[in-house]
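In order of appearance the chains are A, B, C and D, and numbering begins at 1 in each one.
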Amino acid sequence: MSTPDNSARIAENFARQGLMQTLGVSIEEVSPGRCVLSMPITPAVSQQQGFAHAGAGFSLADSAAGYAALSLMPDGADVVSVEVKMNMLRPMVGTRLIATGTVLRAGRQITVVRADIEAEDAAGNRKLVGAVQGTMMAVQAGFRDVVNS
Amino acid sequence: MSTPDNSARIAENFARQGLMQTLGVSIEEVSPGRCVLSMPITPAVSQQQGFAHAGAGFSLADSAAGYAALSLMPDGADVVSVEVKMNMLRPMVGTRLIATGTVLRAGRQITVVRADIEAEDAAGNRKLVGAVQGTMMAVQAGFRDVVNS
Amino acid sequence: MSTPDNSARIAENFARQGLMQTLGVSIEEVSPGRCVLSMPITPAVSQQQGFAHAGAGFSLADSAAGYAALSLMPDGADVVSVEVKMNMLRPMVGTRLIATGTVLRAGRQITVVRADIEAEDAAGNRKLVGAVQGTMMAVQAGFRDVVNS
Amino acid sequence: MSTPDNSARIAENFARQGLMQTLGVSIEEVSPGRCVLSMPITPAVSQQQGFAHAGAGFSLADSAAGYAALSLMPDGADVVSVEVKMNMLRPMVGTRLIATGTVLRAGRQITVVRADIEAEDAAGNRKLVGAVQGTMMAVQAGFRDVVNS
């Protein structure tokens, strides 16, 4: 279950992700098996056509999906990405991106996740711009090696 | 063929990718069907364990693979990511990441790409930390929509 | 819109897929943007532990997703797979597999699809065993080359 | 190391994969971290245009990659697919398909694999038609659950 402690655990973990601060990402919501993050679309995260870069959308979705997975893991666990795949559905244009990570299947070691990435315009309208599917793995705090842990 | 003009085209395109500047990425090499980019590993691109974030490695590899694809496209074309998948092989630790994008199959509309991501330590030793495979699409300059173009 | 003609078009197309007959696949349902296929789980589609082979589940899901995409394409179009990714959530055990293909985003050339694979036991209970995400492409009848068409 | 015992272990395991027999697959080669399988292209494995079905190529590559992974696992281990992704590069046409599975990174639990799929014509010429990247997991013999093992 996600408890206040669980949300606090994720907020503390998130605060240590330097990339999330660099990209201006905020936590919108955490509940068991679900995490929503948002990021402003600015020139600092753009690709050459002025859209948000695929890598910016991916970063947001990877963290959202990872925290969705972590929200169902026991205390003392941390999470790492094993593999993540993103399809681009539309250009990532608007005022901000919102990624909603959800858990398809939580296992003891491996958790299968999805994340939907929406772009929101100035009027608050949202469109689905990216679809993410991947695998997260539980590791112990102090983890140093994805594959050989 | 990649000509000096081709390298110039990619350098000009790269300079418009705000995310690449935010992440401190440099072009190391461009040749026909191949592009190498590097990024320093700093706290600004970290995840919670102090490694480079999966999204930082992905951003680097996505651009490297995209420019590998663009290097084989005709003048007047630009490139967008259709879908990209990354497997994490080891934690992204060291002084910098190097992504080498290559083209598996260049088509008129769709180009299939791979990128290897290596982490380099202070002594210059490199380890493979990520493996990327994806699809890029040629679009006209001024492109505004991935799917309906 | 999926019309009776559309369903007929998909049934005719499906009948030409030799692999579907080899694997004993049946069409359960076709509607606009959606196709459901089923396959009995028998020793003929097994892997070494007696479960359905990942490749059997993939084949089912690839066709379901492809026909979901085709159901939204104009007359005279045919469909090919550009790339497909499958996560295994649980062993594929039971009496049959059911794959439900849906369209996330239909474009003129490229359609992004998902498919869920469920395993059904003798009592009719279903569990999600696989999650598929991929890209389909519209081609003309008589198509002979995925990338250079 | 792959020893005669290792090759024998894989041959025995392969013989229990009913799908491989249904599709007419043969083992061409097994060495440490590598496995080559072949399959005749016949109407029994076709899609609607007469090419080999994506699912046939995937099945071949998934087994080749899985056995490449298994070849580096200790005695008493078996292998299951966690996730596999395939890009189609060209139509799968010719007399047979050959899939070469290789290991990118072998870990204690998780092994990252690639497989190249080639189509061979009657004259013995080969073209790359598919590129596969995925994750395999070591399990104990008697394994019954991918995620919760």
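Note that in this section a contact is a pair of C-beta atoms (placed from the backbone, for glycine too) under 8 Å apart; a residue touches a chain by one contact, two chains touch by 3 or more.
These numbers were taken from a predicted model, which means no experiment stands behind them.
**Student:** Among all the other chains, which ones are in touch with both chain C and chain D?
**Tutor:** For chain C paired with chain D, the chains in contact with each are A, B, in label order.
**Student:** Return the chain pair with more inter-chain C-beta contacts, choosing between A-C and A-B.
**Tutor:** Output for the comparison: A-B.
**Student:** Centre to centre, by mean C-alpha position, how many angstrom separate chain B and chain C?
**Tutor:** Inter-chain centre distance comes to 32 Å.
**Student:** What whole-Å value do you get for the distance between chain A and chain C if each is reduced to the mean of its CA atoms?
**Tutor:** 29
**Student:** Between chain A and chain B, what distance separates the C-alpha centroids? Give it in angstrom.
**Tutor:** 21
**Student:** At least two other chains touched by the same residue of chain A: list those residues.
**Tutor:** Chain A, residues with two or more chain partners: 82-83, 85, 87, 89-90, 105, 112, 135, 145-147.
**Student:** Are the chains arranged, by touching, as a line, ring, star, complete graph, or other?
**Tutor:** Shape = complete; every chain linked to every other.
**Student:** What does chain C use to touch chain D in their complex?
**Tutor:** Within the complex, chain C touches chain D at residues 13-14, 16-23, 42-49, 53-56, 58-60, 62-63, 78, 80-91, 143-147.
**Student:** What part of chain C is in contact with chain B in the complex they form?
**Tutor:** Per the touch definition, chain C meets chain B at residues 82-83, 85, 105-112, 135, 137, 146-149.
**Student:** Residue numbers of chain B touching chain D in their complex, please.
**Tutor:** 85, 87, 89-90, 104-105, 112, 114, 128, 131, 133-135
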